[in-house]
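Chain lettering (A, B and C) follows the sequence in which the chains are written, and residue indices restart at 1 in each chain.
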Amino acid sequence: MLDAKIPSGPIQDKWDKHRFELKLVNAANKRKYKVLVVGTGLAGASAAASLAELGYVVEAFTYNDSPRRAHSISAQGGINAAKNYTNDGDSIWRLFYDTLKGGDFRAREANVYRLAQLSNNIIDQCVAQGVPFAREYGGLLANRSFGGAQVSRTFYARGQTGQQLLLGAYSALSRAVGKKQVKMHTRKEMLDLVVIDGKARGIVTRDLVSGKIESHWGDAVILATGGYGNIFFLSTNALACNVTSIYRAYKKGAYFANPCFTQIHPTCIPVSGDHQSKLTLMSESLRNDGRIWVPKNKGDKRPPNEIPEEERDYYLERKYPSYGNLSPRDISSRSAKEVCDDGRGVSSTGYGVYLDFEDAIKRLGQKEIEARYGNLFEMYERIIGEDPYTTPMMIYPASHYTMGGLWVDYNLMSTIPGLHVLGEANFSDHGANRLGASALMQGLADGYFVIPYTIGDYFARNSFDKIDEEHEEFKKVEKAETEKINKMLSIKGKKTPTEFHRELGKVMWENCGMGRNESGLKKALELVPQIREEFWQNLTITGEADDLNIVLEKALRVADFLEFAEIMLWDALERKESCGGHFREEYQYPDGEAKRDDENFAHVAVWEYTGQENKPKRHIESLVFENVELAVRSYK
Amino acid sequence: MKLTLYIWRQKNAKSKGFMEKHQLDGVSEDMSFLEMLDVLNEQLIHEGKEPVAFDHDCREGICGTCSLTINGTPHGPEAATTCCQLHMRKFKDGDSIYIEPFRAKAFPVIKDLISDRSALDRIIQAGGFISVNTNQAQDANALPVSKEKADLAMDAAACIGCGACIAACPNASSMLFVAAKVSQFALLPQGQPERKRRVLSMVEQMHQEGFGACTNIYECEAVCPKQVSVRFIAQMNREYMGAYMKNEE
Amino acid sequence: MSIVSYLKSTILSKIVMAVTGIILLLFLIGHTLGNLQIFIGREVFNQYAYFLQSTGELLWVFRAVMLLSAILHIVTSVYLKFYNLKAKPQKYAVTNYVKATLSSRTMIWTGIAIACFLAYHLLHFTFGVTNPEHTKYNGYVEKGAGLYVEYNMPVPELIEGKYIEIPDGKILFKQKDVYKMVILGFKNPFISIVYIIGVIIVGFHLNHAIQSAFQTLGLNHPRYSPSIIAGSSTFSFLIALGLISIPVSVLLGIIGGVA
């Protein structure tokens, strides 16, 4: 029933062949089609600009005050491409294999191969847009190795790669806006999807300044609304990131794939107290020179410099002698949690581990460390107020990325015809774990180089009734949203949306975070509905609906998180294996390594909404591996 | 610690604003400035009062959304730091803190501490791009760019578009913002074909938006969280003069 | 219309400010160097004045350029001031500058003060309106010999700025005894103080103005800019110092003891 529409033939030729088979829309007819693009991060901005260049009528939406502020802006490390400029043996095939293996073989071969193919076009496109990538003295592009990759294939612009790529896409989008090819709606949040005659035909939004509920019609809808990492309350995501658009689409019939695949990043600045609103990522590169440790004794409260060498536990070096401090993200994260759960964590909350540069400074000198990490040390000092040159840094894992998302086929179309999903919002390319520097690649591949072709095929194969915002379906959704808002405002309870969010986050982090087990997940499945129930009885919102209302905005997002949390828990519960970012404590080898079950779980779990009170229905899309052998990851 | 906050409150774009006084106790020095405001807001909601609306998103100093003028300085007292990265340890127990929105005629206040900075987007729309359609690009290494130029272009491109430069300038001049973009592209070979048109149309839009004239006082550079240098303004002046004199349109 | 259409562009306006400012500055440099000759003595100083007077039409061209520059400089700055006030209608409840110097923020006010000072200066020395008793003394320069000769005064039939043959066959040129005029003027402590203050304000204005002109004309480079900024301050200081030294020296009796 789930048809991924993967073209036949050798993997290298699939995309070419597919592009030939896609139907085209005559150039003069393109302006007869209107596309709504929700989200203007890397995926959305690149899609909106590219579609406008082709001649489609495009309207784009973001809740930010400008497309340039999308969460993509905060990506630091870089973007991968198989250019092989460094001549170190990279190839499309190797990037394909690394990405697939990094995802623990839970992604589609054909999609990942296409991604690797398109990676090169992305770099060309961005350079042409004026993205100032790092260069060598000879004037050619520089590369670095990132996230443990064996080849140097990562392109970067200082520690601000995401910013520069987004500004590139933003400039292309701005050009189209200036030429009136794209109508840009800022500070407008999508509340729901409108499906008419089985096709996605529009959205309903709330104007965040005036509070007005508005309808927008289109012939196709693209969701590029990013990830839902903020389900954990604390994450490295921007504060406004939320699940609303994709969750609402799910409720309207789009299937949700692998919701439990979330990534926890090991090197973030630890929580300092209840006031904490977000967690800041510290570049993974710090692990190249820093040594990670905690005291051997529980509750050892001495300052780190007074703890003698023999009373320190360099647990990663001890457990994984060959990879040591460079063990992969999921393993480092889990190990940190283990020692903290054991009562040996540091920082005021007990949830932190040391990342110590003392040896590195002795070995390389302070100058060299400063050259390598100066700006990161500065940022750390700004936030924590301690000098990492003299006192070891403290780090702790945090939610960072969500591999799960709406299910899409090879054309990036969801199970609702006309609803396309791009970037982090879809599930397609990263399997159970995303490698560093590959999210930017995927977002841009989707937006620049996939959707412009595949959406034409959808238009060419379908006919569209003329509709407008007066259609009864729009009125119905508008009314439902207005009623929902009024209901929220009328509760007048005692708890703020943030308090509910924090509570939900805690339950999710403890039971569906770095380590998951059946009893925890089941407990969470009881707790979440209780929080949700209380939410609808005890919520307090100040101000009015028809005004800029930050409390209401937050409440609307939290309400959807509270419902969505359940599918995430169901998915984690039913995936009875450990793979990538999903670690089920029951499924591990005696030495604590994740135990994958390829026999029973080499598939995508795809969830269908079946009504508010029912358990969602789990479908599967089997993953067929014709080109790679499923290997076990080992980092001993 | 205990603080006295004076915060700009304004119902909407049309109403008149005023400074409102709040006492806030129990502020920890580990909080970021925005987390301190979060605490205040939670308190206000519990008291049934409307919380203070302010703009923010990434809280990592990169998205450029946060925009508070703290004690008369956009983004507050710490150099090269956005207010979302500013931490309370920069303040003392008993301090009075004045918090206002970014002000300029071109940045009308929408509510409380939120101002409308879409004028900056319109300047980019007028010419802050290189006209290349998707898939029109040649190989990324076809045009070498000297490392020095690429680095300088990156210095300019580091702008996060927060508008602090404008908020700090007594003339509300947006020269630093515009110059950063103009210079970035003028330094790169890809930016050459549209070099003259770009600077002329971006400057024209800047005038239409009602930003003031630069008087070279460099307050913009001093408050810029990304330390974008005023040398780019000099470069833009050069670009503009050249383009103006040779303009054939 | 067309002559002031540059005002529509703030960058062009700034360039006009810089270029007219440089012209005025060049004049000021010459004026300062010329005036410092007063330390050499009465003859040389009056000789210098004679040289200036004798340039004829050129003098008028020069005056026209100065006048035009001053007008453009003033009109543009006033226009920009109003333009800028409009761009920032609402001020902050507290102001706090991080880097902007006092001189950079007060250019319009120092500028206005300088304009007033200049007007007074012209009325005082050039037009002899405020204190005619300072400017009534004349001297004569003999054509060919070029030397300053003092005659008994007044010689009413001589017209200022014109060569006249007097009965003893000499051709004389009548001009003010500029040296005496300066000394008399600065002997008055009140007038001296006005001048000293005026010149300090000029120095203050220049402190920002010189480096600002470099920036406006696009000359900013990390290697040279610190020197430009330091040089700008030093230079303004020297000009102010040079100009102040004259009234101070007069007051202290270092020069002009005889007059």
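Rule of thumb we're sticking to: contacts are C-beta pairs under 8 Å (C-beta built on N, C-alpha and C of every residue); 3 or more make two chains touch, one makes a residue touch a chain.
Note that this is a predicted model, so its numbers are computed, not measured.
Novice: What is the set of chains touching both chain B and chain C?
Specialist: Joint contacts: the list comes back empty.
Novice: Find the most central chain, measuring centrality by the gap between its CA centroid and the centroid of all protein CA atoms shown.
Specialist: So the chain nearest the centre of the shown protein is B.
Novice: Quick one: report the Å distance separating chain B from chain C, using the average Cα coordinate of each chain.
Specialist: 41
Novice: Centroid of chain A to centroid of chain C, CA atoms only: how many Å?
Specialist: Each chain's C-alpha centroid was found; their separation is 67 Å.
Novice: Can you compute the centre-to-centre distance for chain A and chain B, using the mean CA position of each chain? Integer Å is fine.
Specialist: Comparing mean C-alpha positions, chain B is 27 Å from chain A.
Novice: Can you list the residues on chain C that touch chain B in the complex?
Specialist: 8-15, 80, 83-84, 86-101, 104-105, 107, 208, 211-212, 214-222, 225
Novice: Considering the complex alone, what residue numbers of chain B touch chain C?
Specialist: Against chain C, the touching part of chain B is residues 6, 8, 19, 69, 71-73, 79, 98, 100, 103-106, 168-173, 203, 207, 210-219, 221-223, 229-231, 233-238, 240-241, 244.
Novice: Taking the touch rule as given, give the residues of chain A at its contact with chain B in the complex, in rising order.
Specialist: Within the complex, chain A touches chain B at residues 46, 49-50, 53, 64-71, 73-74, 83, 85, 121, 123-141, 157-158, 160, 163-164, 167, 170-172, 174-175, 177-178, 184, 186, 209, 238-240, 272-273, 275-278, 280-281, 379, 382-385, 448-449, 452, 494, 496, 498-499, 540-543, 547-548, 550-551.
Novice: In their complex, what parts of chain B are in touch with chain A?
Specialist: Residues 12, 28-32, 34-36, 38-39, 41-42, 44-46, 48-51, 53, 55-60, 62-65, 78, 81, 85, 87, 89, 110-111, 114, 116-118, 120-121, 124-141, 143-147, 150-151, 153-154, 157-158, 160-161, 184-185, 188, 190-191 of chain B touch chain A in their complex.
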